[in-house]
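To start, the structure itself, in structure tokens.
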Amino acid sequence: MRAGTKLLALCASALALTLPAAAVSQAAELRTNINADPAMVDPITYSELIAGDVMANVYEGFVGLDTEGNVIPALAESWEPHEDGLGFRFKLRSGVKFHSGRSFGAKDVKYTFEQLLIPGNRGGLNAEYLDTVVGAQAVKDGKTTDLEGVTVVDELTLDVRFTKADVLFPIYPFYFMDAGIVEEHGADWATKASAGTGPFKFKAWNLGRDVQLEAFADYWGGAPKIDGVRFLIVPSGDTAVSMYEAGELDVVYVDTQTIRRVLKDPQFKDEMLTAPAAQIRYLGMNQNLYEPFKDIRVREAICIGFDRDAMVDGLYDGAAFPLYGQVTPGVAGYNPDLPAIPYDPERAKKLLAEAGYPNGEGLPPIKVTDTEPNKNDITYYANQFSSVLGMPVEVEIVERGSHIKRMNAGEVPFFPWGWSAGYPDALYFLSQVWYGPSTYNRSRWQNDAFDALIEEAQGTADAKARYALYNKAEKILLDDWGTCPTTVRMQVALVKPNVEGVSLTPFRFLPFGDAQVTE
Amino acid sequence: MIEYAARRLAGLLGVWFLAIVITFVAVQFVPGDPIMALLSDRSGDADLEARLRADYGLDRPLPVQFLDYLAHIADGTFGLSFRFANTTVFDVISGGLLISPILAITAILIAVPLGVVLGVFAAQRANSWADTAVILGLVSGISIPNFAMAAFLVYLLSIKWSVLPVAGWGTPQHLVMPVLILVIPPTAYVARLTRTYMLEVLQQDFVRTARAKGLRERLVIYRHALKNTFVPLLTTVGIIFGGLLSGTFVVETIFNIPGLGRLAIESIFARDYPVTMTIVLLFTMFYSIINLIVDLAYTALDPRIRLTNTKA
Amino acid sequence: MSAVPILRIENVTKDFQIKRSALSGENLTLRAVNDVSLDVYPGETLGVVGESGCGKSTLGRTILQLTRPTQGRILFDGNDITRLSRKQLKAIRQDIQIIFQDPYSSLNPRMKVRDIIAEPLENFSSDRSAITRRVHEVMEIVKLPVAYADRYPHEFSGGQRQRIGIARAIAIRPRLIVCDEAVSALDVSVQAQILNLLKEIQRETQVALLFISHNLGVVRYLSHRVAVMYLGRVVELASEQALFENPKHPYTSALLSAIPEADYSRRGTRKYLSGDIPSPIDPPPGCPFHQRCEKVQDVCRVETPVLDALAPEHWAACHFPNVSDKGIRDGA
Amino acid sequence: MAAPSTSQTARPGSDFFLRFRRSRNAMIGSVIVAFVVLMALFGPLLTPHDPVKVNVLASWRAPDSTHWMGTDALGRDVFSRIVLGGRVSLIVSMSVLAVTLTIGTVLGMCAAYFGGWVDALVMRTVDIIFAFPELIFAILVAAVLGPGTLTVIIALSMVWWPGIARLTRSLVLGLRHEMFIEAAIVSGTPAHKIMRRHFLPNIVAPLIVRASIGVGFIIMAEATLSFLGIGIQEPEPTWGAMIRDGLSQLRTDPHLALFASLALGITMIGFNLLGDGLRDVLDPKVRN
């Protein structure tokens, strides 16, 4: 038994080692959830959603969003397009301090752009926004580290020049970083220091447990009213809601599988925030891979062959609404006047018969493909198309990484997928998902008139005129049944009654700078 | 004894090496590509893909990659994580390194004595309804899936009564529910084994003799019978430990404990192979070391001479 | 008796490696059979006697190639069978069979009598009807009702089981049968029946028997010649009559005097063997028997005696063999 | 040590049934198992609804007279799915048993019978697989093969055969020097025939016990793999996946996880009791 006692003692001491200094509850700390560790916490390699949730609180770009999801100036006070339309001159905000205490200025913007492009740095999502900048390719190729198209005019004035028109450049969600940080903390500064201008400073990242931010007192928009934000890493959405229920989280971003639980429980009624996600969803039909898709009647039959309203009620418990176009509400350029796409199985059958496939006879077998989390959706589609249209559809669940690769390579014939907006403008959806040359045109729908309109829009600085072009292009896409828009999901979040100032926009939470936790 | 232990340890090194080979080969066949997982939506960018592949040494021939991995094991970093930018595997796992073993060992320290007591209780009342009730209870314990039981406990203890935290790690309270879930199967296992061995031993002559001599029943059981069930019980500790390590996968996932079990599942889904391989290797090492200790203890307790070429 | 032996055992030695303990790597050698040479002639019975542990069973097992000798050769029909391949060995199996001591464990409890007896036949023939005929034939020979063919071993008595074992052994008409304590496990009355059965079979088939037993009476009843083994060695070899009436080796004398049978006229002069057989792991130097021999001299402790022909067809390994024809009585 | 063969096998069959009937565990267990097996065999023919028929308009129904156990997220009948899920569980466990018993006994017998390098090769392989905690090895294999029914069968077989091989080997080693084996060798019986006719029938009883206990492990392991998302996939219903899907709805629609857990639990109890009972009945050492 002595050995047992010793072992127990050993265990206890080992346990003590792994426990961080007892979790002292800080009244003024906001606790919320992320469903995995962020893959990174630096603005250069930044390339995923979860890291974005954290970093939006630490870093800022030219613009930000207001509580309605509208673009508002942030680190850029104003900008003027160059006369030839190929570039902008930015007037930066004065009096902005980095977390290090250094002042923010034009040199930091240039530095950030260069860091994003230098090959060894593995520039992430934000690097893509620099493709049109003059000299970007040279930096990317490693020929120089000086980005030719970006000029520091004076401390707070920056000139950016493009190789081709890019009217949306000012609203791209860059994260500008402190040019002095590497000198101060070395190349691996990212987990040791905080290099942003946002309302919170990066404090600590305990892998598998949490990411901690602390309030930045010198924030240009005013010091946050809370001491900090703790993002607890909670992979299970269900657990997160339970933790919220037990008072272990103040704010929860509810994952789609758990939305039902939240909606059905009356106790959450007054604590719920909702906002449509800025994510289009569609059913991709690749005409190159499945002969019948070449017939517009078959495409229409598919698009009217499933019941969006039933999906909203049955699959999503009402936390969604039907989508009739390829731009989501809350995103600039959204057309609210698009006609509804009906669920009309009779007409769908008729169209299919006209196309030469009465009751689905003669249709070759096909698989509808998606990843595990969306298995209910494809099970519904497969069931619907086989029972309503007689189409021999099978369900195929695949691994995400290889699925995306195959979709990008245009190798998946039939798939429901989504695309989340990186910035609040319809061009994001239209130019990335349906523009012919785009890598992300995964169903390989192609239309010259559509492509021409998109190119024209990219050079149209006037917003109204640009939106008209969007609407025109979108109509071409829809009239051709090039895609089946499906639904827009609602985002659901829970916020404890003692927490104020948390806003959910189509682009997830706003930074928690205005949040307040009262006792 | 020391020589024997050393020989066994040397054998273990061989087994570990093979375990490394097996996991390395295995992950090569796991569908999905870590670079694709890393690139996610941007997987059309061939330049970026090539660059990342080179960064992680994935453009090199497999044998070279294997040697790289061995070198990284040797230098203690275990290589670079695919999922976390610029982070070594060691940094990824070090925070949770002891959590799974702590859970497993705590569970074993509770399960073994508890199981023995229950087993003795049932054996003493063999074939009575009390016996059946205990057995049925134990069987139910291992029959209800741990993930369902966990959900039930969370609802009751955390949400309804608010006595324990829902999930997480950091205070002793966080240990209670996971350990409770983990303890059930090994307790049932030990109890049933104890019952069987006790029944066997209780029928042996020396126990009858002891009883006949008028020794008190409890003394007979504990002094004589239990002593004889100890060795067979000892041999099962390794198996139990293995089951517990496997159990941590589920328990850590459910209770959101940042241990290696949860990390392993996440790494498999994120195609973070260096982390996956390292965790499998570590678990294999934990497990085989426990088995070695059990074996050594067993051999020390059972000094019978063994014939290699038994005569008929 | 033919002059050409059917089986010739030449200098056979069998060692076993023994691990003293699992913890230390130390190995010990147990010499179970030590430089044994014997001949068996067609149609004869060679008895091998000795106390348990003397190596006689091991010797039997080496003949059957159930275990390979460490040294020496075993010639069957003049061919060395210790170096045969699997295939060649199978051919030899037709000629050498065994009858085991324990009639309980020597029969597969899951097989019918018919299948047990048929097994050796099936290995050498595929003619089902011929096999069935032969099974019935040998069942008659061993005096088992053919109606029992579909029963399982547990439904039989010990003697009946031994008959099944004999039936199995003789089914393929072997030329040599090793009987390893073939009757030791049986009641005395049953023993006699089985011995008579063996005699009968030998008379009819001219099969050679190597009859291994610790029971001198049984050996005497059946054997033409007898070898006495002690601590892995043959210490005396002679015809049945010579050995029993005129033993040369003190060990043989001692064994004989220990026979409790009533028809021996030497009652009252019984000598008991004192002490245990020395361990074959660490045999004493010199004569293996010297620790228990009452005639022991200094030379016995140093020099190992060799098997000498002390009379025609009578060999013994002793520095001081009994000289008188009266043997035991004089040794007293 | 005496081989387990003789004394116990010498007993006529009627005694087995007598003892079986007297074992409470075995009786309760076999009744449950019989029920589950019948359900799996004939249930899908009798279920009131198509278990894969989607009707999103009827999703999340609580149990009522039409849907005895309610419906799931896609409006599929939970009762029908549980019945079909039981069939999947049994197919998986029976396949794993068939595969592992075949591989395990053949390799175990070969290792014990031939010894030498065959033994070394088999037993070292066994050791290496044993070096991995069992479910972890299964998870690794399942991850390699990608989700699916076949994957689960292969993964669990790879984990489970070494135990059978080791048991077989030790049983055969116990029999190796039985005289009837030597008699067979002397009779010139070839090795494969000795294994089939002599070893196998005499080690069957402990293997059956092992198998009956193993069914529980396999069913639970399959459920766990499905729970962790690397097991059997849609549209095939499995209890593990149903429980996982139902867990997040535990508060709103408890019937989803509840009935699947009950089905799994009852089946497990059945097999465990049967296994225990069989051990008591077949193992002569434990006789009360």
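Just so it is clear, A, B, C and D label the chains in written order, and each chain counts residues from 1 on its own.
As a convention for this text, contacts are C-beta pairs under 8 Å (C-beta built on N, C-alpha and C of every residue); 3 or more make two chains touch, one makes a residue touch a chain.
Everything quoted here is computed from the prediction, not taken from an experiment.
Between the contact lists of subunit A and subunit D, the overlap consists of B. The chain with its Cα centroid farthest from the Cα centroid of subunit A is C.
Centre-to-centre spacing of subunit B and subunit C amounts to 55 Å, using the average Cα coordinate of each chain. The distance from the centre of subunit B to the centre of subunit D, with each centre set as the mean of the Cα atoms, comes to 21 Å. Taking the mean of the C-alpha atoms as each chain's centre, subunit A and subunit C sit 89 Å apart. If you average the Cα atoms of subunit A and of subunit B, the two centres end up 39 Å apart. In subunit D, the positions touching at least two other chains are 146, 182, 229, 247, 250-251. In subunit B, the residues touching two or more other chains are 31, 155, 253, 312. Subunit C has residues 61, 66 in contact with two or more other chains. Interface of subunit A with subunit B (complex): residues 4, 7-8, 11, 14-15, 17-20, 22-23, 36-37, 39-40, 42, 45, 47-48, 119, 122, 125, 128, 188, 190, 206-209, 232-236, 239, 242-243, 245-248, 399-402, 404-405, 408-409, 439-440.
Those residues of subunit B lying in contact with subunit D across their complex are 15-16, 18-19, 22-23, 26-27, 29-31, 126-127, 132, 135-136, 139-140, 142-145, 147-148, 151, 155, 192, 196, 199-200, 241-243, 245-247, 249-250, 253, 264-265, 268-269, 276, 280, 283-284, 287-288, 291, 310, 312. Partner subunit C is touched in their complex by these residues of subunit D: 3, 5-6, 9-12, 178-180, 182-190, 193, 197-198, 201-202.
Contact residues on subunit A toward subunit D in their complex (touch as defined above): 236-238, 257-258, 260-261, 264-265, 307, 310-311, 313-315, 317, 372, 375-376, 379-380, 382-384, 395, 397, 399. Interface residues of subunit D facing subunit B in the complex, by the touch rule stated above, are 24-25, 127-128, 130-136, 139-141, 143-146, 177, 182, 216, 220, 223-224, 227-230, 240, 243-244, 247, 250-251, 257, 261, 264-269, 272-273, 276, 279, 285-286, 288.
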